[in-house]
Amino acid sequence: MLLVPAMIMFCCGVYGFITRRNMIAILISLELMLNAVDINFAVFNRYLWPEATEGMFFTLFAIAIAAAETALAIAIIINLYRSAKNIDVRDLNKLKY
Amino acid sequence: MDYSQFLVMKQELAVLVVFLLVFLYDTFMPRGAGKALPAFTTVLLLLATAAGFCPDCLGSSCSAEAFAGMYATSPIISAIKNILNIGAVIVLIQSVSWAGSDDMRIRRGEFYELLLVTLFGMYLMISARHFLLFVIGLECASLPLAAMVAFDKSRYESNEAAVKYILTAVFSSAVFMMGLSFVYALGGSLYFSDLYLAMAGGGISLMLVLAIAFVIAGMGFKLSLVPFHLWTADVYQGAPTSVTSYLSVISKGSAAFAFLVIMAQVFGTCYAEVWEWMLYAIIIVTITVGNLFAMRQNNMKRFLAFSSISQAGYIMLGVIGFNTMSMAAMMYYILVYIFSNLAAFGVIGAIERATGKIDMSDYCGLSKTNPRLALCMMLAMFSLAGIPPFAGFFSKFFIFTGAINQGSVAIYVLVLIALINTIISLYYYLLVVKAMYINPDKPVVQPFKSTCSERLGLWITVAGILLLGLASCVYTWLLNTSFLSNFAAYLM
Amino acid sequence: MESVGSIILYIVVALAMVVFSVLAVTTRKILRAATYLLFTLFAAACVYFMLDYEFLGAVQIAVYAGGIVVLFVFSILLTSRPGHNSERLSSKSRVLGSVAALAMLLISGYALVSRCALYAAKPALDTPTMQQVGQSMMSTGHGGYLLPFEAVSVLLLACIIGGVVIARKR
Amino acid sequence: MFSNILIWFVVIPLLMLAGLGLCRDVKQVRAVAVAGSTALIALSVKLLVDYLALRAAGDTAPMLFLGSWTWFAPLNINLAVGVDGISVAMILLSSIILFTGSFASWQVPQPKAFFLWLILLSTGVFGFFISIDLFTMFMFYEVALIPMYLLIGVWGTGRKEYSAMKLTLMLMGGSAFLMLGLIGIYYHSAPAGQPLTWNILEIVNNTIDPGWQRFLFPMTFVGFGVLGAMFPFHTWSPDGHACAPTAVSMLHAGVLMKLGGYGCFRVAIYLMPQAANELAWIFLILTGISVVYGAFSACVQTDLKYINAYSSVSHCGLVLFAILMLNTTAMTGAIMQMLSHGLMTALFFALIGMIYGRTHTRDITKMGGLMRIMPYLCVCYVIAGMASLGLPGLSGFVAEMTIFVGSFQHADMFHRVFTIVACCSIVITAVYILRVVGKLLFGPVYDKHHLELTDATWWERFSTVGLIVSVAAIGCFPNFFSNLIKFTFSPEIFKVLGM
Amino acid sequence: MDATLPILILAIPLGMFLVLGLAGCKMSHKMAGVLGCLGMGTTLVLAYTTAFTYFFSGSPEFVNAAGERLQAVIFNHTWLAFTDKLVIRLGFLLDPISAMMLVVITTISFMVHLYSMGYMRDHHGVYERGFQRFYAFLSLFSFSMLGLVVATNIFQMYIFWELVGASSYLLIGFYYVKPSAVSASKKAFIVTRFADLGFLIGILILSYYTGTFNFTELTSAPVEGMADVFNVSETTALSVKSIFESSATPVFLGGSVLTWALVLIFMGGMGKSAMLPLHIWLPDAMEGPTPVSALIHAATMVVAGVYLVARLFPLYLMEVTALEFVTWVGAFTALYAAIVACTQIDIKRVLAFSTISQIAFMMVSLGVARPEFHHGLGYMASMFHLFTHAMFKALLFLGAGALIHAIGSNDYTAMHGLRKYMPVTHWTFLIGCLAIAGIIPFSGFFSKDEILSSCLGNSTFIYIWMSLVAGLTAFYMFRLYYLIFWWKEHKIPEGHHAPHDQPWTMSLPLVILAAISLVAGFIPFGKFVTWNGHPYDFMAHFDWSVAAVSLCVAIVAIVLATAMYRKENPLPDKFRAALPRLWEWAHHRFYWDELYLFITHKIIFDRICRPIAWFDRHIIDGTMDAFATVTHAASRAIRPLQSGQVQLYVWWYLLGALALGGITMLCLL
């Protein structure tokens, strides 16, 4: 039941990733996606397999990983910003074809 | 609470020890001693590698599990870790010159630390028998890599590559975890062994199908299988050459094995119904698209990126074959691929360091100015193309043989398509040879002397290219090891 | 059947999640997006509470709302330039985005519906206590997470090193 | 291991490679090349003598000098060697052509690298002919193919890059099919439950499932057929030959293309006779087309090497054509045609190379009356031409006649009619050979500058005489060669013929 | 009979070829010439000895009790064994016709060797360039021709058949700097090659059905009682015969397979013997040195076709259709060549057409021969004519050679009135002309008369036809004679030597041949050569009426020629004006060459070869290149995939994953 908003959240993340130009906004979209996955795990754990807590622990670790990812990503983006003065993802097109 | 279980993971611990030593050395040694860091790390890792080959020391000669089945090791797993170790050592040797440069002075230690952490992550991926541990290993193997890709901070390309890498990596891990959540919903556990039983008993459901698709997508990202490969070329091109070579061989090799583990030990029961055709389609597309792109590249790193994409397709033949022989062939393929690709990257790295040239057109007349480098490059290309008597031929032959062992007509067709694709790949590998040996233009790269470490690295890789195939013991060893492992139980 | 209160709560939380996440990806102002994200994360924390995973909810609020969103805000402030904080979305990318999102929603939604009942009742269960959580975290047996715990520490260490190397000036 | 004579056919080239690696100047390179190729000739003559002695002593095993050393034990891959009359003949041919080819490339630029690749190529060739293990056979086959790329690309002339690439890719394309075929054969090499094998002699004892034969036979036949210049996969041949340097053309047309015919026989037909019998008609049509079509195409070419390349298409087509007839005489003829074509094409290419080295053109419309200027070379050219158009006393005649007579013995009307079609090629061959001879050698001198050219040097004489003597030897004493070869096809050994 | 002699007969010319060919350039011209003549002289002696032994020794090997001449295989060496039964052997078959041919070949060849010593140098005695080569080729030719006639099996014959073709090619193209000689040699080789294709296919068919190549088995089987003559065991003969009887049944395109085989084999003969329509090479072959024309293109090689049919005559008797085909080809060729010969101005061309016509006589004679009429008189007549024709035609050619040598031109308009300057040539030439015209008592009269008799025995129509041709023969030969030696006298320009007779090396052969032509008619040929070995007394069956008629026809023709050409007069021009179309066509040899040029160049080259070559380069090769092009195009087409936009990357990523899942789900539903 709670899966529906989670799935919608995930899809919003996808939509955001594909449409937004600002890299920070893209990161925000990614957070949405990761959160949706977390919710999924928690919901499955609680509703389908309540006797163990594996889903919950997965969520717990996933939050930690997500934090690490975000931190690293922001570091890289800021570094890029330093050299390019721009964080528009569409302008990341020097490497192509 | 049996903490002695940690001792089962000898190889992981060895890498962590090396990591810690490097960390301590980097932190506490005086500035001037930083020059010795590359050699220090290389030697340490070399020692760890050597120890890994010794069953009594770090390598395992029998299968073992720890943490209630969350972690497993067996001869074949130990073998693949050793193979990765060898590759990592070679990468380290080749990167000595680069890491020793002044530009890198301040980041030298971090480079090695990150590299060792990724290696640790890959070991976890390979040994994990629990999806949580697996995901951590996966992230451990990919997130620090993003930092490594961005290591040439002053170069814009490096930054761009890093951004592309981290964004797609996180997206991919989100999709992968989405798939995992479905798996969890179906199996109620994240232990591979529990899941295997649940899948065997649960039959096929649409959710499972989607879960497998997402898992394949997530692993396909690491392996750069089409269509999950699009980051590959940009990242390879932008990253520092040493990182690229690491990314293209070690990261790919470990992911391939981990992928095999997941497919066999979790989804082994729904091979024929669900994922055989998925992989079938992916292999065809991967090999073809990789080849088609590689044909037109000029930048050598980008060129090798696409070549490695198509090589990944060939590696996947070992998975789709889904039998012990094909698995052994896949391991062997990875080993040979490591040596061949590293030989190529060694040459590229040397030339880039000396002249800054990285384009295929810059390689014109290389055979006249730097005949030895040109020869190494040619051997690497021939090996990648699968020309005897170089190792690549044997690995290709065996992986095809292994795949066909599966026996269906469809697999014959698949192998035929793969074989036809080898012609395209031969074409572009020969383009490099042509540039070096045949093109009549004036040589761009002037004669230069490569450093000791570069030469050492190239000697090792060339020796590997020449001997790995002709000396049958390597393949025999791998095959015997595969048979020994309890792993085979999951395969057909 | 569950209580009316919980149903109302569910509706509120679900609506909040959906609305704020949609807003977060559609608003033009990047700072607002971060704010909507914060609300979405709160809603997610509410979900965890509803599922009786209080610890998880707490972590969610602490790590996400307390840490990550702040990080976002800082980085937004660091990277935004005056007059450049709104962006235009091309219709092409919107179409692409909607196609991908809808395809995802359709296919995975169908897969979910085919397998799980949407209106399953929540099984009665004792909420895992802090002690249980802590013990599992440190256990090496089945259902113990000592190894992942150690591994993730290495991961975090590596990310710190990486972050430092990348973010520092030289 | 080294007590087996056959191993030395691989060891000597490898030693030559090592020796070349140590060479410092041109003289040493030549010395190594000549010494090595002489050793190979001596060895192949010894092999011939030993072989005949064993046969005379009543040894009726299908293959002699057997030896097998385990290589990849888990896959049952061995380095298995053994020869029968055909292999002996082919080895002799290869060593003769390598020998004469070394002399023909006496003054090649960058001799060290050139000979390195050339010897690598011949390692593959010899290895292929001595192998009876499908894996090693295939490995040597590919070893022989790839040096062509560099030999043509670096030392060639004209559109060498394009041609080298095309040649390599097409041949590798063939070997792609071949590899699949071989692996398929491996998996059907033994009855269920018994260990699989790559060894030809063991596979032949087991009848491969006919259904699979129908699939694997075309694979292997086409795979080898590409190298045998089978229509429509022959187009690498004109371009490749035209651009290749002299010795490479010699070795390629003389020996390498024989790998195709030999492989078609040794693998496709020997191991899968039922399918060969069923599907022969398809390939007969293709090869029949090759024969006539190649000859017609050769009639209007103006580049000497193109003429020869198309003539090779025609002659090699005849080889495959005869092999598909599946009877002793025709197959004997096919092998003799391989020998004959190998020698005379090598002679042709050697002469063309020598003429080209002097006149710097291969366009027959830009040359004429060379007989007056370089009589020695031109007489050799006429002899080569006569051999090619099947003059009795030279090798072409015996080979072609054996093929025609053998093919015509086929009981099926279709085969006989096709034989007659193939016979027509002898007239067309005469047309294009005489056209070239008339335009190139006879008539008034076309270009006054050519008057200053010199006749053959001693090494050129050496290499041409060697080939002419071989051509004449086959032409004059065909029964010796015929008997040498024919034994292999005797019905008790060769089960196709028993059908 | 001991095999030494026969082996030497073949070995000496071959050895001479090798010696002169390999070492020729190291020795002097004269030395080479003398060596060649000596070698041929020895061969001549050996051949005469052999023939003499065969005909006159009376050894049981050669003659049986009934006086029948037997076939004797002196030696038979296995050369190439195709199967157990199909074996090419190189051997030496001695029977009446091969013994006769040995004599003919060695005689003419020796004459030519001798003659060339004088001919192949200029007026100052300087030898021509390539003199040694010339002798080497002559030796090669002699070897091949001897090998051909003594062949024991049809494949040996084919081998030497090819070899004579090749040596003819080399000799026609002896003056290889002359483009016309080069193209003539090429034409000769290719046309005969084409004919040989038929021969080869014929052999294949014959051997497939009979399972043998051996002449003895092939020819003894069909006719009762021949087995004894041919020294074949009864069982072999029976087995072959049974094969024949069963093989006559398969019918292919309206004829029995055997008929086809024989017609195809005869096609080979048509090529070598220049029968219509494969005659076109012979006139052009006159580009070779004249002694070569005398040897190859008049006396020996061109009669190989006749010899072939004679050799297989019993087989042809089995299939009368094939024999009728031979007759009609011969009849048409004879008439055609005679008409054309009347209008040529090149003396060697006239002789060439006359040769064609005369060979056609032999063919007709073989074609009309039947056992039931005079015991196969035609066969004997044909061989007889072959013999006499060889002598007088060689004489005529050598005479013509002397003229050309003296004048330096082939064109009779440059000659006229030479009788005073070159008396030896004049008289010997006249003898040759009388012989060919069939005037009693010259040899041609007898042989031609027998041919006409046998024609009469077969059909009156053929007889009349051939008589007409005989008349034409006399006419054109005397036209030639008068135009060369009479007509109008030439003024010798100042400073030029008058033409004169030749050195003895050239005169001697002329005289010898003239002598033979004079007396050869009186040889009782039937005693020696008949189709079944039975001696046959010709005089006992002599038909005087036929003889008288043919003599009258010849005389009338000669008178006509005398009237027209003895002195310069307008009569020829009036004739030409009366029949302009006929003259024009005949002068252009009925445009056969143009037809062939059209077929070869316009059709085969332009319509077959070029399109095929184009097809190969553009379609087949284009297809192969198209693979590359398509790959490149595909490579370009998918380029946008790698757009560099990370958002599109993930879009593809997601779509890929969803497609994998979605499609599988659809399949499972």
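In order of appearance the chains are A, B, C, D and E, and numbering begins at 1 in each one.
FYI, contacts are C-beta pairs under 8 Å (C-beta built on N, C-alpha and C of every residue); 3 or more make two chains touch, one makes a residue touch a chain.
On a predicted model such as this, the values are computed, not experimentally measured, just so you know.
Novice: Which of the chain pairs holds the record for C-beta pairs in contact?
Specialist: A-C
Novice: Per-chain Cα mean versus the mean over all protein Cα atoms: which chain has them closest together?
Specialist: Here the chain at the core of the arrangement is D.
Novice: With chain centres defined as mean CA positions, report which chain is farthest from chain E.
Specialist: It is C.
Novice: Measuring centre to centre with CA averages, how many angstrom lie between chain C and chain E?
Specialist: Here chain C and chain E have centroids separated by 102 Å.
Novice: Return the distance between the CA-based centres of chain B and chain E, expressed in whole Å.
Specialist: Centre separation, chain B to chain E: 77 Å.
Novice: Give, as an integer number of Å, the spacing between the C-alpha centres of chain B and chain A.
Specialist: 26
Novice: Starting from the mean Cα coordinates of chain B and chain C, work out the distance between those two points in Å.
Specialist: 32
Novice: Which residues belonging to chain E are in contact with no fewer than two other chains?
Specialist: 639, 642, 644, 646-648, 650-651, 654-655, 658, 661, 665, in rising order.
Novice: So which stretches of chain B touch two or more other chains?
Specialist: In chain B, 132, 136, 139, 143, 146-147, 150, 153, 162-164, 167, 171, 178, 185, 206, 209-210, 233-234, 296 touch at least two other chains.
Novice: Enumerate the residues of chain D that touch no fewer than two other chains.
Specialist: In chain D, the residues touching two or more other chains are 169.
Novice: Return all touching chain pairs.
Specialist: A-B, A-C, A-E, B-C, B-D, B-E, C-E, D-E
Novice: List the residues on chain A that touch chain E in their complex, please.
Specialist: 14, 17-19, 26, 89-90, 92-97
Novice: Note which residues of chain E are touching chain C in the complex, please.
Specialist: 647-648, 651, 654-655, 658, 661-662, 665
Novice: Which residues of chain D touch chain E in the complex?
Specialist: 166, 169-170, 231-236, 239, 293, 296-297, 299-301, 328-329, 369, 371-372, 386, 389-393, 397-398, 401-402, 404-406, 408-409, 416, 419-420, 423-424, 426-427, 430-431, 434-435, 438, 441-444, 478-479, 482-483
Novice: In their shared complex, at which residues does chain E touch chain B?
Specialist: 631-632, 634-636, 638-639, 641-642, 644, 646, 648-650, 652-658, 660-661, 664-665, 668-669
Novice: Give every residue of chain A touching chain C within the complex, in rising order.
Specialist: My answer: residues 1-22, 24-25, 27-29, 31-32, 35, 38-39, 42-43, 45-48, 50, 52-54, 56-57, 59-61, 63-72, 74-79, 81, 87-88.
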